[in-house]
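Going in written order, the chains are labelled A, B, C and D, and every chain counts its residues from 1.
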Amino acid sequence: MDFNLNLILGQMVLGLVNGAFYAILSLGLSIIFGLLGVINFAHGVFFMLGAFAAYMLSEVFGIGYWPALILVPLMIGALGVVVEVTLIRSLYKLDHLYGLLLTLGLAFAIEGLIRIVFGPQGLPYSIPDSLRGAINLGFMFLPYYRAWVVIAGIILCLSVWLVIERTPLGAKLRAATDNPQMVQAFGINVPVMLTLTYAAGVALAGIGGVMAAPIMSVDPAMGTNIVIVVFAVVVIGGMGSIFGSILTGLALGLLEGFTKAVFAEASSTVIFVVMVIVLIARPRGLFGKMA
Amino acid sequence: MLDIADLDAWYGESHVLHGLNMQVPDGKVVSLLGRNGAGKTTTMRTIMGLMGKVRGRLSYEGTDLLKLRPDQVARKGIALCPEDRAIFPSLSVHENLMLPPIIAQGGMSVEHIYELFPNIKERSSSRGTQLSGGEQQMLAIARILRTGAKFLLLDEPTEGLAPVIVQQISRTLAEIKEMGYTILLVEQNAHFVQGIADIHYLIENGHIVDRLEAGEFEKNIAKVDKLLGL
Amino acid sequence: MTLADMKQMTPSHPMAETALHPLGFSRARFILFVVTALAVVIAPFVLYPIFLMKIYCFIIFAVAYNLLLGYTGLMSFGHAAFWGMGAYLTAYSAANWGFGFEAALLTGTVTGAALGLIFGLVAIRRTGLYFAMITLALAQMVYFICLQSPFTGGEDGVQGVPRGSLLGLVDLNNDWNLYWLVGTILLGTIILSNRVVHSPFGQVLRAIRNNPARAKSLGYNVDRYKLCAFVMSAALAGFAGGLKAIIFQIATLTDVSTVASTEAVLITLVGGIGTIFGPAVGSIIVLSLEHYLAPFGPWVMFTQGVVFVFFVLVFRKGLLGEFQSYFKTSL
Amino acid sequence: MKRSTKFVAAAVAALVAASAAQAEVTIGYLGALTGAQADMTGEAALHATRMAIADFGGEVNGEPIEVLVADHAGKPDLGLATAREWVDAEGVNLILNVDNSAVALAVSDLIKDKNVTMAMGASSSRLINESCGPHQIMLLLDNGTLARAVTLPQLEAGAKDWYFITVDYALGHDLEAQATKAIEANGGTVKGSVVHSPQATDFSSFLLQAQSSGATNIALATFGAWQNAIAKQAQEFGVQQSLSPFYLADTDIKSAGLDTLQNVTGTIQFYWDENDATRAFSDRFREDFGRPPTFTNAYHYEFTTHYLKAIEATGGTDADAIQAWMRDNPMALINGDTATIREDGAVVRDVLSYRTKTLAESTGDWDFLEITGKVDGESIAQPLADSACPLVASN
């Protein structure tokens, strides 16, 4: 174990790339959980579908990365609408655990389907031409594309946060998270709001998938692999906390990178260790409001 | 006019309203008096479409409300100010005020509301739940005045408030009544409703036990007090 | 409706009735038990015994899981840790420390219990979704630790586990000997689970499940009871995992991965949450599905997902749960 | 889509076969049909096996030859359970492919005293040493041999400092250990190593580690999809060190793109464009499968043919007799050479050394390698005298 500063910095920058994905995914999970009370186990699958959608757009229609970044979230959002209306909606009156079981089953079914159709292998998706190349940071070569993921990811998360905290639309969302019945009694169509919120949450995962496609290979298991870490991020940040999930996602990405540099063997465990410590010291999570 | 006939409603397994009958004519203030657990709040919730299992007739301006979702009921011009005031803790006072969408022409302007409730203006950037109980009550009433709803359901607006605040609310209601709103006022405070309501309904065990015109209220006050357990 | 509400609707059984029938079973359950016992005796002449033993291990695993979910109302997503670590330690102690069958299995069981205690201390105060998420994350941590620790053999697993012999007398390398032993253990586990559920301890657990506040006001230390149930469930899961490691002579990362946890959930859901024989029915269905769809690769995953969704949407009580409502008796 | 339908069809065929009357010879094809190496071997090698059976006439000694197919998915528990069921319940005579060292080790234990042959695409050197078996044949070069074949020429050329990216499989660990031995014995140093999990898709942090280690060569003790991802990401991160793959199949170059893998040197057991014989075989293979055969596909054809000849010659399915015949008779290879099977199960054959072409040199879609020479099999094989295999006569 040698403490090479360049390596530490480099790994932390790469950690931030992962952190951006953690943030995007846990943000969507938090929004959905806050309003619907559903832990969306299918979240990883929507992330994966985002990557596959980008792949298909490029293979079948020759549509590139930039349009995909707009089109894919719309497609995934539309799928989210269908899923919420046909499946999830019927469970709101039941124990929240059923929502978890349903979305878990959904995740299996969708991932299985993708494996049946596309096979288990990872499919290639190339970096957009405009982001090829790398910048020499002195301590590392940072590919432009990864830098873009970090910056775009952070901007995306902060914009979502601003919309929720600072706009009338966000006020409705927050109000409905506090007290959905009352919001509905004011003439706001809450069922539609739930549907759209679910759609927006999974659309975020879809954007994440497009952004991940050139980095990770487009692979049926890519969602499952990342989502369990994201669940830990959500538990650490505090379930349902919007800002907490963004900050925790990025911070844990950094921490993971740091661990890779100084004690690589622990890098996949470190987030879970942090989770246990947080649970013991502060059971509701770092930013969680409810106990 | 709101017309309720033979209304039954349930909370899960427990049967709360038993054949409730009452009418609220347009432009009138109607009080619904009864003890805790008599079914007052349930009546309000049923009108709003917030109860799961309901049977009977419930029509407003000729529309069957029982077929509607709460948001559709609200779109008919009915607005609820619930017992717990339901100020949203995650929203600022201003956001709380602006949350209910405008559903019809003729609602109060924000300026007018601020005139009526100066405290709300002062504290508009605070969190909703940082307000005092009285201020929260004002806010809860103010935000439904903005929407253009013509039929207000006020659930125990005076509960737990200091007499001076109660007086202020009383004045406000009088003003609102002047403007031609229809109000269904649920109360346990007979004194409070006496000066405001045109018609009084007494409710016990989920059904109406008496209906009093404003003029008859005074001489039946003993009966009312007994009903309210005073 | 909560999970607890649903379970309340299942009829409860007066102790007097259960006393009338052998082995502590109610009449309906006794019939089912006899059917199960007959099936255990006949099945190996028709089906591949190793596959049957795998099913039996999963039944025991699901019984352990159901003890927690069905009778205590806690949904764990971390049972893979107990099952997998039970398998690892059983396998490791048999392969490397020269432990015999009984000692190795005991090692696995104790491992499950110890891990259950650790998980329990962190998670037990939480309920519902929080409990599920925390157990999931803890199990994932265990998975990564197993991935990194040299003792698990990484992706290779602990291989070449000797089966040993029962009490030094019966050679378990003979599949038939092993089969009769595992079959007996299975039946014993079912009897035991029925006893536990109807014991005073089990009654308290159900009281806690149905109304924790009330149980607390009656003076029960709710957290301690829950922790106790959790450790018990973890120990039995560790035992089942150890048994599987002996049968297949291998313990691997598969056992400690999320897949094993979801399998326990799926089996319990399909069979019927909070039923004594649900785990058996669920295991047979889920594992057969897996076994016979295995040649079709990803169809296994797809089908499992569809089964999950289907049962959550229309068959929430599980097969035996539905039968139970229909016949108005506990199964 | 096409691939999976084909897979399903194969599986259905396998099921039907299983339920048919017990065939004289049953071959259980236990391979990675999913996962990193599926592209190189998977269904392609199954196809090669079927080609060999068809070329043999579809039957041996007047009895039909059945093929069962299962995916071990790189999981030893799954592989072992399948093999056990095949041996116990299906009467399998040959377990073929087994292209995962952990699975092979597990199955090796299982078949020790059973009348079953295992021909494996696993390469852990344990499998021809401590864990060798009387009915066991290693179709790949073992890791020790492979490690020497790949590292020695480069060490001679002056590449002294190595860094390993290793898959967390028995294969990866063994390959790293063997290569480290070879490197250190020949004046090189190993600057460090990192283990990647089979779930990994992003290797950037490993490459960063390798970059900052100061090594001249990054040895890829991994294969398939992982290797492709590493090659691509190395290009993305401007990694200057040479990549030294151990298993580089045509399919890998196709998938990673030749641009990421130009001028890589190594050794390989078979290349489709070596001579007229290989080209003729490859044309036939390609006609049905859509691409030329990889080296693993080739040795499935070669071995299956050899095995069927042994059954024909011995007139039965006694694994001892078959093994003896296969050892005593040279195995014909597609390129016209022959190979021999030793007591420890190793297949000794000459291997090709290659250099990957540059984009400019490559003429088309599968033109990737320039064959630069042939290495004598005996010269690189582990000397039998050094074998820890108890079956070797001298031990």
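Note that in this section contacts are C-beta pairs under 8 Å (C-beta built on N, C-alpha and C of every residue); 3 or more make two chains touch, one makes a residue touch a chain.
None of these values were measured; they are calculated from a predicted model.
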Legend entry - Least hop count linking chain B to chain C through chains in contact: 2
Legend entry - Most distant chain from chain A, judged by the mean position of its C-alpha atoms: B
Legend entry - Two chains joined by the most C-beta pairs in contact, as defined above: A-C
Legend entry - Central subunit by CA centre of mass proxy: A
Legend entry - Centre-to-centre distance between chain D and chain B (centres being mean Cα positions), rounded to whole Å: 79
Legend entry - chain C-chain D separation of Cα centroids, rounded to whole Å: 39
Legend entry - Interchain centroid distance [CA atoms averaged], chain A/chain C, Å: 32
Legend entry - Residue list for chain A, restricted to those that touch at least two other chains: 115-116, 120, 268
Legend entry - Per-residue overlap in chain D, given as positions that touch at least 2 other chains: 4, 34, 197
Legend entry - Residues of chain B whose C-beta touches two or more other chains: none
Legend entry - Touching pairs among all chains present in the structure: A-B, A-C, A-D, C-D
Legend entry - Complex interface listing, chain A residues touching chain C: 39, 87, 90-91, 93-98, 100-102, 104-113, 115-116, 120, 220, 228-229, 231-232, 234-235, 239, 265-266, 268-269, 272-273, 275-276, 279-280, 283
Legend entry - Contact set on chain D toward chain A in their complex: 1, 3-4, 34-35, 38-39, 194, 197, 199, 201-202, 204-205, 208-209, 211-212, 225, 229, 232, 236-238, 255
Inset, instruction - Mind listing the chain C positions that touch chain D in their complex? - result: 48, 50-51, 54, 147, 153-157, 159-160, 175, 248-252, 254-255, 294-298
Legend entry - Parts of chain A lying in touch with chain B, wherever the complex brings them together: 168, 171-172, 174-175, 177-179, 181-191
Legend entry - List of chain A residues in touch with chain D within their complex: 4, 6-7, 10-11, 14-15, 17-18, 115-122, 124, 127, 134, 140-141, 143, 145-146, 215-217, 219, 221-222, 225, 257, 260-261, 264, 268
